[in-house]
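Going by the order they are written in, the chains are A, B, C and D; count residues from 1 in each one.
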Amino acid sequence: MLDLIWLLPTFPLLGFLVLVLTAGKLPKPIVALIGAGSVGASFLLAALIAFQFANGGEDHYVREVWTWMAVGDFRSGFSFYLDGLSMVMMLIITGIGFLIHLYATGYMADDPGYSRFFSYMNLFVAAMLMLVLGDNLVLLYLGWEGVGLCSYLLIGFWYTNPENGYAARKAFVVTRVGDTSMAIGLFLLFAQLGTLNIQDMLSAAETEWAVGSGFAIAASLLLLGGAVGKSAQLPLQTWLPDAMAGPTPISALIHAATMVTAGVYLIARTHVLFELAPDVQMLVAWIGLITLLMAGFTALTQSDIKRVLAYSTVSQIGYMFLGLGVGAWSAAIFHLMTHAFFKALLFLASGTVILSLHHEQDIFKMGNLRKKLPVSFLSFLIGSLALTAFPFTSGYFSKDEILLGALALEGVGTWLWLGGVLGAFFTGIYTFRLFFLVFFGESRGHEPDKEVGGWHMNGPLYLLMVGALLAGFLHLPLEAVFNHGEAFEEHHVSALVHGFMIASPLIGIGVSYLFYMSGSLSVAGLMGNPLSRLLHRFWHSGWGMDWLYDRLFVFPFLWLARINRADLIDRCYGVLVELSRAGNELLVRTQTGYLRWYALSVVGGLVLIVSLGVLL
Amino acid sequence: MILVALIAILFVGGLLAWASERINPALPKYLALLTILLDLLLMTQLLQAEPDGAWLALIDVEWLPRFGIGFFLAADGLSTLLLLLTGFLGLMAIGSAWEEIKERSGFFYFNLLWTLAGVLGVFTALDLFLFFFFWEVMLIPMYFIIAIWGHENKNYAAMKFFIFTQVTGMLMLISILVLAYFHYVQFGAFSFDYRDLLNVSTSGRLEFWVMLGFFIGFTTKLPSVPFHSWLPDAHSQAPTAGSVILAGVLLKTGAYGLIRFAVPLFPEASLAFAPVAMALAAFSILYCAKVAFAQTDIKRLIAYTSVSHMGFVTLGVYAWNEQALQGAVMTMLAHGLSAAALFMLAGGLQYRIHTRNMPDMGGFWPRVPRMATVAVFFSIAALGMPGLGNFIGEFLALLGAFKANIPFTVLATCGVIFAAVYSLWVIQKVFHGEFRNEGFEESSLADLNRREMVYFAAMMIGLVWMGMYPQSFLDLSAGSLNNLLAGTQELLALAQE
Amino acid sequence: MITLFYLAGAIAIISTVAVIVQTNIVHALIYLILSLLAVAVIFYVLGAPFAAMLEAIVYAGAIMVLFLFVIMMLNLGQHTIDQERSWLSLRGWIAPTIMAGLLLTNFLYVMDGIDHGVEPTRVGVLEVSVLLFGPYVLAVELASILLLAGLVAAYHLAKKRD
Amino acid sequence: MESIPYEHGLILASILFSLGLIGVLTRRNIVFVLMSLEIMLNASGLAFIVAAARWGHAEGQIMFLMILTLAAAEVAVGLGLIIQMYRRFQTVDINVLSEMKG
């Protein structure tokens, strides 16, 4: 069964090819069957493979399908690598991917681009599987770029609106900046270590590079650049909120559950490099912490339901980075998995809400929807609880592990932990702000006729609810992958610390309750003074990062492009042309047409030559 | 012998096509198609040929023995790859001209086939005199193609193309003559034979200038900044088939020249010059990507992207190690297909709506879904998506170049960001957004027909093949590139002693 | 003899100056004939009687008569003298005179230092003829072709076309 | 017999040549121009004769003969042209013939 691993990406790829080649001529049920069915088949296969692998007792499994490139001492195979980490990832991708595909068959039912949508989705799943299963960095890069492409195509899925196109291009270009850094990292690794096969490369790095060596720092920094781009961390986080322009299942699949966590996967996969460069690893932690706090503040001020969730995604990935940074590798991956469940759940539920309200996304135009939309209400309740790390939901376990990992670190660990706890407090506020505003209080505007649904939309929701509640009890087989350096298990933590960690999101929920449910505290009151209004505007715009980048990069580039539209170098040749033309003008003057003038010139020349001959 | 046949068939086919116009104006295109197919068939023979030393096929006849000029044609793996590319794109060019060229079709196909014959000659000639002869042969018919069947500003563009290539060709001729004279000084006889000239020891300051003659000649054809400015004009004015040949094949002769002649003949000077060349390449990539983004004429835009992509070739060649060279070769092949396809798309658009101005376009996707899908495919190929040929080329070129020069490679790598910016911008302007109609017949905006789909499908399959299983191409060129590498290393080692 | 040489030289120079400053074209022609005859005298003095004869017959005779005919055909009367006067502004003389002066200076500079007397030895018709129809016969043929061409061209050009 | 200074003969030729040149450059009447040309040709002929006398050779006279032929042919063609010109433009002013200006 294991050697069928190459079929995993092949199924969705075939689905993609069939859907593209038929160019939307197939009837919708068949499109749905191919689109969702191919991912479902992959999931079944993945489950079987995982089962066999888990019982096989081997650390890892490699299967090379064919040689991709072999040039001189460079060699890269089209080969798959299976270990605990990629097994977890592949199950998340196919499993949650399948649920989202199923949901999308209902969600997109009325869209004219039905077939196009599923072809992109299938291509995405195929590329994502290549990303996590590739045994060398080039193959990983193939998947990495492939998911970026699908993300672009799907964000701009409704292409008639130029804003969607802008968001799509922004997403692609910003992540491309990160990708480029990663590509340079690949070149550096190959130039220094002579291989891009991940396992060989890591063991070579361990033997050849000392801890803290320059190469290790450079390589891990460059890879980190790729990771922050894909995972929307500082300083490349600005694309993700705009990416919500795509259909909601896309936001769930690509921009919450799978693609944006690719950066986390990359760092976890190459964690040996980061361990060789402790400073960079610490940087990862700080990036995570700062991002999670910034995104938390921003989420507080958003009014678009999907943007709130988008910022919360950025924030949660910040937690994963924090976990990676402090060396709690398994905890980060664990959080990746639980996050996939509850964030997919939240996005899909928000999709149901949006569709029921005929594409209304402003939470201040919703309200009191809990009776009208019971399934969404339940989904949101469970999802929000998991997101805020309510005790014994899945988010609780994973976030707990990350924070404990941070605390275990000597020195700055306490600060990181404190920041994380503070973040959890904000998570509580913004999550339940959304929850209360949408499902409680007065109805503000839209009244849904009925909740859209059906088994293929509600089924995935229920399954994800179960996942969001119970995934925390799963045990991920990651010991073999991160077998070194997870010593914090033994660390003793006092009950007080635990109390803090449980209490902070609860306090957050309480604050949110006071503001948005009971009304004992009023937002309007807070907004009274100019400073808070200013802060609100600042946070609402995502800390002015877009504004800053526009001025730092976009406008100068556009300006340069505009002034040099005609190509300066071409103009230089134009000068040459003008010069010869001017010379021509000058010589034309001498052509007077008067015979005596010509005779005079001849004599002048004669005199000159004779004089020269005589004098010299 | 097979090489002579390949070239002669094109020459004769061109003459026949010209003559046949008198019988029936539709006849030349069928004759041209037949000629190209015959040539392609012969080329497959070349693939099965038993290698004779380093060469798959070779013919060496005395021509003007007094001056050491021979009729010396030879093909190794590298040449064969490029010959196949030429044949394939010749086929594509005839396909794209099929409906577009209605006036004086006989003379058109004559010029087309003669250009191709010149290109085949350039890819196989190993006598430098003969090489220069073919270099000129491919130039003049191309001038006619632009000047006669071009668009509104054709005379300017054709003249610019001609002057640029002719002047720099002259520099190359001077270098060739100087080289032959060196041979005379050192061995007592003139020789234009590539194998002899490799042995000419050309050290000292003069070597640099002679090398520069070759370098400028080839980089103008490539082209690289600052000799690129003929290309946007030539492309925007040329008929579609002309653009296909120009972008797909003619530019590659420059790259081929760098690999075959410029570096191996002057290993020391090239080694010293490499940082400058790589800097030029990196600048070329970034600068032209930026200028491309600013264009409103879709063909000009694609032309600038061509310059930008050819920068990777220069970078790869001057890194001069196996990965980088293979990357350069793969880039040549993949760019040949992707740029030709993009020009065919732009030409198809112009044929339909009679404008190349992008602000007049928009929202074409629902009207021409097949064309849009094809356009997205080739744009993505051009921006270097892994899994397609261009990625393999650029990746290997950069991978190799990184070993040779880190700063310029890093700069060049940043070029792929800009590649994404302009590629996606084109898609946005033409196919996405609200439908815009600025003064063209809506009914004329028809989707790709079956004939066009066949051509595009062939190129798409080619690119996927290159992207997913590049080994079939890499294996073919590996032998010749390793020979070249070994040769220069030997010379360098000798020079160091 | 030497006095004759200087005398003829002076006449040649003076009459030539008169040619180029004359406004009446017929007078100018007569001065030109005078100048040519003076040169013919010089030829004779220098011992070249054959050349002197030709100078007198062909130049001063035939060619000048040709000029005269043309002047008559063009019928350039009194009004041309006024026209001629208006054309000859003082300014027009400056540049040509400077140029010619420079050229002359050059010539004189080159000739400076040549100091050699010429003993006029008579080189008669016989010697010239022997050479002419001996080694230089090709030159004679060329000259005849040239004259023929001149004849045809002159005829063709001067023919009236309607 | 006293010898004639060789130098003086050449100086005479130079002066005549220069005078002819002034005439060519100054006069606007084309007949005068042609006459001045004759003077210049004659001056060069004189130079040949002087040189011939200096060496006592006959070749100088042969060269003079050639120049004479040339002058005759030139005058014939030139005068034909003048007649043509006068027929077309009704003038002998060479400044009228300036159509070939750039």
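Here, a residue touches a chain if its C-beta (ideal position, glycine included) is under 8 Å from a C-beta of that chain, and two chains touch if they have at least 3 such contacts.
As the structure is a computational prediction, the values presented were derived from the model and not from experiment.
Enquirer: Under the touch criterion given at the top, what is the topological distance in steps from subunit B to subunit D?
Expert: Minimum step count, subunit B to subunit D: 2.
Enquirer: Average the CA atoms of each chain to get its centre, and name the chain whose centre is farthest from that of subunit A.
Expert: Most distant chain from subunit A: C.
Enquirer: Could you tell me the distance, in whole angstrom, between the mean C-alpha positions of subunit A and subunit C?
Expert: Between these chains, centre-to-centre, one finds 101 Å.
Enquirer: CA centre of subunit B versus CA centre of subunit C: separation in Å?
Expert: Centres of subunit B and subunit C (C-alpha means) sit 70 Å apart.
Enquirer: Indicate the whole-number Å distance between the mean C-alpha point of subunit C and the mean C-alpha point of subunit D.
Expert: The mean C-alpha positions of subunit C and subunit D differ by 6 Å.
Enquirer: So, what's the distance in Å between the C-alpha centres of subunit D and subunit A?
Expert: The answer is 95 Å.
Enquirer: Give me the residue numbers in subunit A that touch at least two other chains, ranges are fine.
Expert: Counting only residues that touch two or more other chains, subunit A contributes 600, 603.
Enquirer: Quick check on subunit C: which residues sit in contact with 2+ other chains?
Expert: Residues 95-96, 99-100, 103 of subunit C each touch two or more of the other chains.
Enquirer: Mind pulling the residue numbers of subunit D that touch at least two other chains?
Expert: 21, 24-26, 28
Enquirer: Have a look at which chains touch which and call the overall pattern line, ring, star, complete or other.
Expert: other
Enquirer: Which pairs of chains touch one another in this structure?
Expert: Every touching chain pair, ordered by label, is A-B, A-C, A-D, C-D.
Enquirer: So in the complex, the part of subunit B that touches subunit A is made up of which residues?
Expert: 225-226, 228-229, 232, 287, 290-291, 293-295, 304, 321-323, 326, 363, 365, 369-370, 373, 376, 380, 385-387, 391-392, 395-396, 398-399, 402-403, 409-410, 413-414, 416-417, 420-421, 424-425, 428, 431-434, 468-471, 474, 478
Enquirer: With touch defined as at the start, can you tell me which subunit A residues reach subunit D in the complex?
Expert: Subunit A reaches subunit D through residues 587-596, 599-600, 603.
Enquirer: In the complex, go through subunit D and note every residue touching subunit C.
Expert: 1-12, 14-29, 31-32, 34-36, 38-39, 42, 45-46, 49-50, 52-54, 56-62, 64-66, 68-77, 79-84, 86-87, 92-93
Enquirer: Which subunit A residues qualify as touching subunit B in the complex?
Expert: 20, 23-24, 66-72, 74, 78, 138, 141-142, 145-146, 149, 152-153, 156, 159-162, 165, 168-169, 172-173, 176-177, 179-180, 183-184, 186-188, 190-191, 557, 560-562, 564-565, 567, 569-570, 572-573
Enquirer: Where on subunit C is subunit A touching in the complex?
Expert: For this pair, the touching residues of subunit C are 95-96, 99-100, 102-103, 106, 109-110.
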